[in-house]
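Chain lettering (A, B, C and D) follows the sequence in which the chains are written, and residue indices restart at 1 in each chain.
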Amino acid sequence: MVTPLRGRDELDVEGLERLIERILNGGVDGLFILGTTGEGPSLSYRLRRELIERTCRQVRARVPVLVGITDAAFIESVNLARHAAAAGADALVLAPPFYFPEGQPELQEYLDHLVAELPLPLFLYNMPTNTKVQYEPETLRRAMDSPHVVGLKDSSGDMNYFQHALVLLKRRPDWSLFIGPEELLAEAVSVGGHGGVPGGANVFPKLYVQLCTAARNGDVARSRQLHDQVMRISGSLYQIGRHPSAIIKGIKCALACLGICNDFMAEPFHRFRAEERGRVERCLPELTAQVERLVANHQPGFPQ
Amino acid sequence: MVTPLRGRDELDVEGLERLIERILNGGVDGLFILGTTGEGPSLSYRLRRELIERTCRQVRARVPVLVGITDAAFIESVNLARHAAAAGADALVLAPPFYFPEGQPELQEYLDHLVAELPLPLFLYNMPTNTKVQYEPETLRRAMDSPHVVGLKDSSGDMNYFQHALVLLKRRPDWSLFIGPEELLAEAVSVGGHGGVPGGANVFPKLYVQLCTAARNGDVARSRQLHDQVMRISGSLYQIGRHPSAIIKGIKCALACLGICNDFMAEPFHRFRAEERGRVERCLPELTAQVERLVANHQPGFPQ
Amino acid sequence: MVTPLRGRDELDVEGLERLIERILNGGVDGLFILGTTGEGPSLSYRLRRELIERTCRQVRARVPVLVGITDAAFIESVNLARHAAAAGADALVLAPPFYFPEGQPELQEYLDHLVAELPLPLFLYNMPTNTKVQYEPETLRRAMDSPHVVGLKDSSGDMNYFQHALVLLKRRPDWSLFIGPEELLAEAVSVGGHGGVPGGANVFPKLYVQLCTAARNGDVARSRQLHDQVMRISGSLYQIGRHPSAIIKGIKCALACLGICNDFMAEPFHRFRAEERGRVERCLPELTAQVERLVANHQPGFPQ
Amino acid sequence: MVTPLRGRDELDVEGLERLIERILNGGVDGLFILGTTGEGPSLSYRLRRELIERTCRQVRARVPVLVGITDAAFIESVNLARHAAAAGADALVLAPPFYFPEGQPELQEYLDHLVAELPLPLFLYNMPTNTKVQYEPETLRRAMDSPHVVGLKDSSGDMNYFQHALVLLKRRPDWSLFIGPEELLAEAVSVGGHGGVPGGANVFPKLYVQLCTAARNGDVARSRQLHDQVMRISGSLYQIGRHPSAIIKGIKCALACLGICNDFMAEPFHRFRAEERGRVERCLPELTAQVERLVANHQPGFPQ
């Protein structure tokens, strides 16, 4: 979930409520806040705590809430984790500490120490583009020895890594393996992954939910049809900005155009300016119509 | 300066005092805390504030205190900056926000916004190994338009970049240009840099101070003699660990062996264990004797 | 196909014949020589020409022969291409020139110039690990304007890239899109790719042929069963060496253990020494038995 | 030295003669052909052999001729080396084989095998931007055990690496250590390097020769004056193209503007087109005048 902001250190409270209801109404299995798309590491701790509280209160246990606690400082991750537990969150999500390029033995020891302090189950979050370091397979394997670690979100985009993670899962069939990039959601689920954490689900939650269901059911025709739509979104809405931030900016801008929430962004980013916003406004109606046609009168669970 | 720690979130207060006195006694021109060697991003904000206060109180304006405010979150950088100003620090040091790989225009706008909020002069800190993004020359050039930005510490190790920064300095002769890696200190000063921020000065402050002086005075023979010693330290004390953290671990371990301060490290790192500590203990006496011979009976300011 | 060698600049002629027959007997749709697994860029031009001739003569048009002409020097690529055409090869395969890190406009112009000189249809070969530069989507799109370019082998391992290539294929439905890494073969074909160029097919050709067929037919259960075996090979035979060359060395060593051909390698590589060879010998019987059980009494074309 | 070309596979013979005379007239200590700036890996072997022969014949032993034999194929490096020896060249220059990302033990064994086949002394050439792999310090140290390896040209731009190479040189005081990037020439020589291989010396040989002399003599004032001019060239002539090829294109274009030789380039590059050539024409007169003022009425060998 993106973090709706009204200003530099101010939540867009009404926008947040609308966004949560829209996403939940789309049928998602859970809500992940304070991840990369949520601009987690760019937000003050005060605002992160407020977001955790408001989100948990709004969701009211309708779906599990997963809270990102990734931080360069060990203690701040622990602090956030405790706050999340107190607010009623269900699980934590952790990418490697992202300032120092730590070695894998260092990362393994860090995990051992951190997991011992956490009050909730933990998902690992593999995001090497931003953290430089990734959870190497051997580190995953060791993490599986801890009952408190319950899954992995892999945003590396490296399907060879994902395949190796799938093989490792035989040791922990209770683990959940999620894919980050939505362009890979269909194939990740079709090869045995459990689901995805697609940023686009902020805008079109039903599309990704139905895609997941189709892929899980082995409904290849339906899965391809929905995947093609994911690729159209990826090929238009996400291509408007010039920097890697283009995806988050595109999603927030689309939500603003749809009247869901404000598109203010935390530094070092800035929302799209008039020219880019114009391009979002021009591509959005067609994308919306396409998605609505696709997800309408579809009986979930009954492959066509 | 390294951050002496007694435990996970506890300063080694006596060690900090001894360390500051040792470094100041070495004749340094300033003290930089909460940088990379200071494990700044790994420390809780509470501990960072305590370190700022204790350091400023101990230094008592004998030399300028520079405080690292690098953070993934804009607001937290501002918070630290205000705390540093209130504690009596003299300047701030900032590497790019290090979670998102922001584009240069994004980084430029971030700088514009942040500098407007800062109560003290700012040094830029180029550290691409850890932040992924660097201050590209065009971004440096634009930063020179702000009177509140007063210098650059370049830890890229890329002397071509340093040379281009030197050329840019013609527009802002009041800027200070410092080099990070101590292996490049002699040459950086000899080509016109103003000084360095060497981690090794925690252990052997006089060596680096005298090297800087010699290089500034164009005393090539003396400069080479001292530089050779810097390379001996780099080739032994810094080669003991297996990961990039080896340098900080080596420095902290040497300080512990010398009885200056505790070598506890913040996660994701761990101090050297017995085997590595043994190697530090074995190489330290000779390094210390070499340095003492070199810096003794040398008349600072009078090239030999 | 690997290149069987008897010495530094000498083909293992009998081994080559046995290897070709074994692979063709496995039911492959084509044979790709002088690629990465074929150590193409490490071989003298004389030996490359001899290999082209002998292979074409041995294959006798039973399947198409594709010849790698990747080279840092334009003229040498043209020379190889002409030789391949004269020897009766069917198509050419080209990764970007791999010494200079050329820009995409430079690569596009290079392609324009080179395609004009080629006597046979061309497949692009995306291999950024080795060539540094990849064919960016815009370069692919432009290459589709040339009727002489007929497909892409993508060895990037980046399925997001592969997905975008699949979308581009709508403009050229006659193109073939192949995947390099065999760990991704099942999913690449299941999402619409046309096949793969798996190095493991040197050793177990039927396994990869049947996997391709199953994935193409949408036979998910069979596809997963065969894919699991591909992952077992990848997790054992390819993990024995320490460097990226481990895969090629493992394949050549397995072929030598099976009595197919010599495992001599062109510099800068060296065949496995006794210790690693012992490990290959130990894992090979089980892998072979597993593969044979899997591919036996399977009726190709009739999903089980 | 750049390689003057008249067409895709044709030397500009008269241009080559003029260029050699111009460079030798500048007082250089040696001539390096078929390096990166010489587009070595982009040229056909036929043309490389012709260039070697013509250059050796033209130089007539006035200075040593060093010939680049870097190649992905071992045998082709040996072939070029033998041709160079037969033509009367003095030494060979070798970067690591640049297709496969070989490990250091593989690179060490490759060097052992290759040196055994070479008829002339060898300089190592560190160029990681183009070859991906570099000669790590341990590999340098091992290469020093061979009397046939006589030096290193370091084009990494990493002065920390250069400093470590300088320390290693204590084991082989007969080795020569040269720097690649001309922006680092002054400092590399001032810290103990023996010289440089600056591409700009194709255009302004006297400038770089005098800079080397000044830096060697410890003439800091003169060295800085000449270095500032090197930085002006680097900041104008080398900034005109958009890709890393901009430096070679700028040098070749300047030589064409000065009537020395043709600026045709081997694929994958293309000479500057009208717009960029216009910019070269506009900056060249001032650069030339500046250089001529600087190098005129200077008594070489007598520091001012």
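As a convention for this text, contacts are C-beta pairs under 8 Å (C-beta built on N, C-alpha and C of every residue); 3 or more make two chains touch, one makes a residue touch a chain.
Just so you know, these numbers come straight off a predicted model, no measurement behind them.
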Least hop count linking subunit A to subunit D through chains in contact: 2
Same or different residue numbers at the subunit A/subunit B copy interface, by half rule: same
Label of the chain whose CA centroid is most distant from the centroid of subunit B: C
Rounded Å distance between subunit C and subunit D, as computed from the means of their C-alpha atoms: 37
Rounded Å distance between subunit B and subunit C, as computed from the means of their C-alpha atoms: 50
Sites on subunit D at which at least two other chains make contact: none
Arrangement of touching chains [line / ring / star / complete / other]: ring
Each pair of chains that touches, named by its two labels: A-B, A-C, B-D, C-D
Touching residues on subunit A, where the partner in the complex is subunit B: 8-9, 36, 41-47, 72-76, 79, 96-103, 105-107, 109-110, 113-114, 129-132, 242-245, 266-270
Touch list for subunit B against partner subunit D, complex: 157-160, 163-164, 166-167, 181, 183-184, 186-187, 190-192, 218, 220, 224, 227-228, 231, 234-235
